[in-house]
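Heads up, the next two complexes both have chain A, just with different partners, chain B and then chain C.
Our next item is the complex of A and B:
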């Protein structure tokens, strides 16, 4: 029976080729656009989040209690080595990384700016957030004597300096004394994490410890996880175990990025809703006319013993076939486009200055998520099913058997 | 005659006409409102960002923007001020001297922006004075008094009346340091700005930084804010090649470009919605035209030319489109006007806006009749265009085939 219904539906659609094609084209083109839009927008948002996680806070960040509020250099994590070792052994943890942080002033012969001094170990940063991938000039190391610094690209632009230039770093140490060191710029980083690119001066962790008299203490432990699902449980667990420390999720450190993600989801949902409602209206028109045109045909079918339920299935089948073909062609088109931009990236360098303002990469790599296709399929099925409800009710009211007697 | 027939047909096929009118009306209203919303929100974001501190026009030494060192200051600022005094089109102007220093309160030291401003003109050029939270704004007679961002004060652990010291480099590259007293605290809402900025009276700044008669830049408030570029050219002609005059469109080009790309993505989203609407109108026209195919066949059979049928069907389409677009324009225009008077407030996203340097959370739409007319014209083309294919298809059918069409 199912096969027969499909056959009849297909035959009916073939009989009115142009209008069927129009509906298919409508669904597939809109789906193509929607998939492209979702993949690119999500790609942009997720790249911003990834940039922040990799360059700064990790999935989880550990600070000394109240450090985030007061940002004093004396607020250090004591005994961080034991804690780091314990975290490294946790199967949920992919990697950990430590940093010393202090606000300071960076000066050249002619100009000075406030900055964030970050004491790092290049080897650990490479392994942890692959920070070296963000290098746009120079080297990702501090030279043989560790007298080098790697600085944010925007900060370098504001200071009008490049690789090889000398800078003076001044900051207050744990003894409340202002200490200063002279360094040579070894490399420039562009992470598109705005705060990092505008403020960061990366120096060797041992050198930072010496300059700021932090001894064995560090300011931050950043943790990357294997699975985002473990984020909240691990945070709670760590917080319970380490009441003297403060543990933050990335979205607590960068709430604007989370808001961006939520806003983008809402925006995509509203756009999808509008598109599928309008598309449903198109399918409704076609199905309504298709039913009304075939009143006599349905009357004959009823007269020869076909039940109304079977006729309903025929109409639904017809509508579903239309929707499915539209969905499949749209999904293939959209999927291929997304795959291309997932591999090659969408180059928006023309607008790089504007994108930089929002911390967006100038090459955006599209995301391909199975739920894009799943939700689209559900939306298409729902739109096709809803669009035949009214035509079927009208068919019932129209009394097709009587229609056999009409002209 | 065509008009009469077209009106009759529109009335005869009420349902199809209503769906087409509804879709086109909603689409037109959506396009007009979206354009108004995008333009309005972008202008508000830019305006609020410009007015917080950067200003509409900046005058610097010709080399300062490229190499912002003390070698490229405005060394004759009083002479420049005299020229600006006699330049038409300027509402107010003021001098600023910007530097970066290390602030210290004993237990805490933080690097930050240290700027000398003219307390009598600055309130007209920026929102610094209106952002006062505690204490008082600066006065022209102040010496050793600082007006500080609330976040910077919090980080340094100081309040109004407290003292702190600063260390920096003077205009002659000598060592500059002094102890200053917090006179007032401000909060613009831009976290970074509030966490890094402090201001003092320019006379005091010039004195302590050994920069008499010097300034890093002038800020100019134009009489007509829409004519900034013209004013920039006038000032450039008067000041000569030693100075660079930059409007907000250049000084904040990143934000301008960001708004442009936001518009592009906005129109891209609208385009996807319009593709569907285009097809739906086309489908409905197709259905309506083919429902009358026998009538059209008979018309052809009694001698009506395909051209006349095309004209008849096109008149129907144009009439329907015009009616819907007038309705849509009224609806979209009313919405744009209403929300330009009563801005939409995004209190939940205020923090996100601030993180990107945007102060305003209330976004009015733009009510611009010319833009509304442009959008209405686009919709008319789109709406009539979507009916062309079905019309062209039906007039191609031979009369006999059309009469016998099932």
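Our next item is the complex of A and C:
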């Protein structure tokens, strides 16, 4: 019986080939657009988050208590080596990294700007956040005598300097004395983390300790995790164990990025809704016309003993076939496109100026998440089922048996 | 006194009863038919033949009165039970053949049997037997639009008979056929009536059909004019 019902449904779709193809095309194209937008926008947001995590805060950041409020160089993490060793042994932790941070002033012969002096170990940064990948000019080191500095690309532009130029770095040390050193620019970094690119002056960690008289203390421990799920439990655990330190998640340090992620989820929901409406309206139109055209056929089927429920399954089956073919072709099309842009990236360098303002990379790598396909499948199925309710009600009201005319 | 096979008791059908102009389709029809009868209901156009057959077949509802098939009162049954009744106990032959256009002759014949839940093997055996009897083997695999009117009507008869109903309702089955095909069809249905013992009710004003009847009912203006 099932085979016969399928045959009748399939034949009906084949009879209205152009109309069926139009609906399939409509669903496929809107799904393709949806998947592409979801993947690209999520890719943009996640890249922004990754940039912030790699260049600055890690998944978790440890500061001395109240450092974030007062930002004083004297607020250092005591006994950081033991803490770092313990963290490195934790299976949830991928890597840790220490930095010395102090607000300062960077000056050239002609210009000066506020800056953030970051004392780092290039070797550790390469391993930790692969910061060297963001290098756009010069070298990711401080030279043989550690007299070099790596600075943010935007800061370099504002200071109108490039690799090889001299800068004077001055800041207050732990003794409240102003300390200054002269350095040569060794490299330029563009992370698209706006704050970092506009403010960062990276210098050797030992040099920073010497300049700022921090001794063995450091300002920040950045922690990268294997799994984002471990973020909150580890934060709570560390905070309970280290009440004299302040432990922040990345989204507490960059709440705007979290908002961006939430906004993208909302945006994706809206686009899902649009696909749902497009698919629903398309199928509704085709099924309505199809039912009205086939009143006589349904009348025959009802007259010979087919129940209305079986007719309903026949109609639902037809719309599900339309929806599934539309979904499958849209998913294949969208999936292939996403896979391509996941590997190759979408080059938006034409708009790089504007995008940089928002901290977006000029090449965006699309994300591919199973939930894109799952949610759009649910949207298409739901649209398919809802869109046949009205045509079926009309079929019931129209009394198709009358349409046979004779008996 | 034995219970009649089909009893039509004071059936009245009024069209548009709630509106100003009421149309009386059938008025106080009382009829009884025995099992295995070959009945023709005749009368001029508009006399209510089709309406009566529609009510007997559960395709239309009477305004008042009851129709009883063997021991089951048909009038007033819910739609789901009427579907089951049509599927299991009543076969239909329509004037316009009304085969499902996308199914082959064989599939049209098997459709009701499949609805009844019969296995493919049972369907095959029954289809072969009925096809041989009605001489339609050659066009079993053809679609309705590849058959002549006479061929389509034979397949429609096969569809009606294949599910072994107790009653076949045929509404002007020869109306669209030439006289040779009509003669052929009537002979075939007479044969089925004798071989299968199935009760057949025709509506027709074709003398060819009327002459073959063993029980004739004439309707006029929605009333029984003659029952003999």
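Worth pointing out:
As a working rule, the second predicted complex is superposed on the first by the 399 of 407 C-alpha atoms of A that agree within 3 Å, B and C clash if a C-alpha of one lies under 4 Å from a C-alpha of the other, contacts with A are read in each partner's own complex, and residues count from 1 in each chain.
Keep this in mind: a residue touches a chain if its C-beta (ideal position, glycine included) is under 8 Å from a C-beta of that chain, and two chains touch if they have at least 3 such contacts.
It should be emphasised that the depicted structure is a prediction, and the values quoted were computed from it without experimental measurement.
In the superposition on chain A, no contact is made by A:368 with either chain B or chain C. In the superposition on chain A, A:168 makes contact with neither chain B nor chain C. Of the two partner chains, neither chain B nor chain C is touched by A:21. Within the superposed three-chain model, A:286 lies in touch with chain B and out of touch with chain C [touch as defined at top]. When the shared chain is aligned, no partner comes close enough to touch A:333: not chain B, not chain C. When the shared chain is aligned, chain B comes close enough to touch A:255, but chain C does not.
If you count the residues of chain A touched by chain B and by chain C, you find the higher number for B. The contact sets of chain A with chain B and with chain C never meet. Within the complex, the chain A residues that touch chain B are 18-19, 22-23, 25-26, 29-30, 33-34, 37, 41, 70-72, 103-107, 109-115, 158, 160, 170-172, 176, 178, 195, 255-256, 259-260, 263, 267, 271, 274-275, 278-279, 281-282, 285-286, 289, 348, 351, 353-359.
Those residues of chain A that touch chain C in the complex are listed here as 1, 4, 7-8, 11-12, 15, 296-297, 299-310, 401, 404-407. Residues of chain B touching chain A in their complex: 19, 23, 66-71, 99-102, 104, 106-113, 155, 157, 167-169, 192, 196, 253-261, 264-265, 268-269, 271-273, 275-277, 279-280, 282-284, 286-287, 290-291, 348-349, 351-352, 355-357, 393.
The residues of chain C lying in touch with chain A in their complex are 50, 53-54, 57, 59-60, 79-80, 83-88, 92, 94-96, 98-103, 107, 110-112, 114-115, 117, 159, 163, 169, 171-172, 203.
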